[in-house]
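Take a look at the following structure, please.
Each chain carries a letter (A, B and C) given by its place in the written order, and its residues are counted from 1.
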């Protein structure tokens, strides 16, 4: 436990926050690279996932992709891509996007698919166009699961970036790698704490957003005064929860 | 008027939902399609707003072939009320009712004003306007569904087993409500039901369907009751069991009133003795008042 | 691809596969065994459910490289001790399996349990003879996901110097030798598929009453989103 105290002292040491490649610089690097990889992954996976959920076509392929992705070792993928493209941001970005797509895809299709078929049928019978059904009915009702997918996607990226530090990337993982290389356990532990805290904060923030986007009518349905349980509780589908990030 | 001309529907898996179906549905009346599951009744109704496309044949509304119409526009002009109401769970009652007018570009305030009026029309308290569907009872949700179907003042209203999921007492209320609304609004209503009593109660015209959308009999409730076209119809309406034949029970209700029972022995009404005495053997029909709820009790 | 290297190093590859198996099998078993009582408790009480699932969610959020460093400090083990990896993987396995197990027990039809009680099963008999067997399909789906993830994630152990298939990745990077990295990825995918096949066989053997049904319906009805398999 003494090590923890030392690690915390190391983290709050002002000399680690100023000048050159300090904690704030690595944190910013970690966050900004994570953010743009998530944006790319979402831009690819969200429309595809929503269309799969809406049409029901390509569901088998989406499941296959997420199962294979779960088995893909991130470390292996990083080493292969870096050997192919050379050290730099490009191979890391490719790996992060590849690994971030499946959870977002799964969240999007599972979310849209989970919308009550009768509600969609009713919307169509009323004269909503397919686009109106997607944007006014399916996406609002699927929002919690869509954000769930985003959560899993962001966690995956943050965690993988920590490993990328082993391949000459900066980011918060650098303290882990440096700590390991120099047997500096204080720095090692400080790095682990920093990455963990970052992951927990991002995940927590998205969890708050997730709660916030539950449509009011649906949220009320859950705690119906008459005790009728109208909607399942878990906002996160099992498929999202169960992909382990690395 | 809605005209089905030789309409068939075969699903990709080879099921013939409907085969060579022709029917004309008169304007401003209630036509009930009644049949058991597999009779294609819902398929037929969903063809009218192109939720289902016929494999062959054509459907015309007032002489216009609907296959030429744009489906989304067509649906916006036809009211649709479905089982379990099919309300959008993330929208308030008032916004659910105003959905279609909003889709067609009616300004929000105007659509909401109209929605409030419709709540009056279908007998919903305006205080419910800001609630969400999950906060309403089944019967209230169904009224919202009807109000939504009426929102653009459509000529045609399609009702797909709208009351099959509510309890019998609420169902009676809602059925009476439909009759009241129809006497005020005079829409062309196509109503799908599996309940023959509902069909007889609501229908100006009743179409009895067998498997594959085969019309086994069509006519007014009286015509069908008086003259079942086949054994199938007779069985379906319960005539063969003499279910509808009434008799006076030997059991006395109270005082000199007599209980009227059907052939199944279910009490269906009370014969009130006008002067406190009733000679059953020689009672003249004029002196009896049979309670209005024939038959419902027997089938509930 | 350098096939000569593969031919020359079959012994090394085989050894790494065995190391990988030895490091990943215990966490999968531990995850299953611990999740059963925890998941059962979570299916019984809402409070237990929300505590256990939140805890699982938090543990699962910790990035693996960080957890691998935190575990030896907490356990006071040397950082190169393979037990660190087993322990870290077990934490993930339990964190994920608790939710699966809670869902599994919740999926057991209430009326079946009630009728077992009415027939005279004791609480203990009810659990072992009714609830646990009927929870198997969902438990199995969960453990298949866990096994695949565990095999893949174990490779991160190479970064803290614990030898297994992941060591091919760090070696490959240091020596700029692509073949080694590809061998590692392929071996891990094959191992994941092997676990998946073995677990689904075990599942079939444990659920004779499901065999006919699964031939017709392909997948267990309980999970709307298929979890494991199809590798």
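Simple rule for what comes next: contacts are C-beta pairs under 8 Å (C-beta built on N, C-alpha and C of every residue); 3 or more make two chains touch, one makes a residue touch a chain.
What you see is a predicted model; the values in this text were computed from it and never measured.
Colleague: Line, ring, star, complete or other: which one describes how these chains touch?
Modeller: The chain contacts form an open line.
Colleague: In terms of Cα-based centroids, which chain occupies the most central position?
Modeller: Central by C-alpha mean position: chain A.
Colleague: Could you state the distance in Å from the CA-based centre of chain A to that of chain B?
Modeller: Roughly 50 Å, centre to centre.
Colleague: Where the centres are mean C-alpha positions, what is the separation of chain B from chain C, in Å?
Modeller: Spacing between the chain centres: roughly 54 Å.
Colleague: Determine the centre-to-centre distance between chain A and chain C, using the mean Cα coordinates as centres, and give it in whole Å.
Modeller: 21
Colleague: Okay, in this complex, where on chain C does chain A touch?
Modeller: Going through chain C, the ones touching chain A are 57-58, 60-67, 69-70, 73, 79, 92, 96, 99-100, 103, 142, 145-146, 148-153, 155-156, 158-161, 165-166, 168-170, 172-173, 176-178, 181-182, 184-185, 188-189, 192-193, 223-231.
Colleague: With touch defined as at the start, can you tell me which chain A residues reach chain B in the complex?
Modeller: Against chain B, the touching part of chain A is residues 116, 118-119, 121-129, 132, 137, 140-141, 215-218, 220-221, 224-225, 228, 230.
Colleague: For chain B, which residues are in contact with chain A within the complex?
Modeller: 46, 49, 51, 72-77, 80, 82-92, 99-100, 103, 132-135, 148
Colleague: Can you tell me which positions in chain A touch chain C when the two form their complex?
Modeller: 3-4, 63-64, 67-68, 70-80, 82-84, 106, 110, 113-114, 155, 158-159, 162-163, 166-167, 173, 176-177, 179-180, 185, 188-189, 191-193, 195-196, 199-200, 203, 237-239, 241-246
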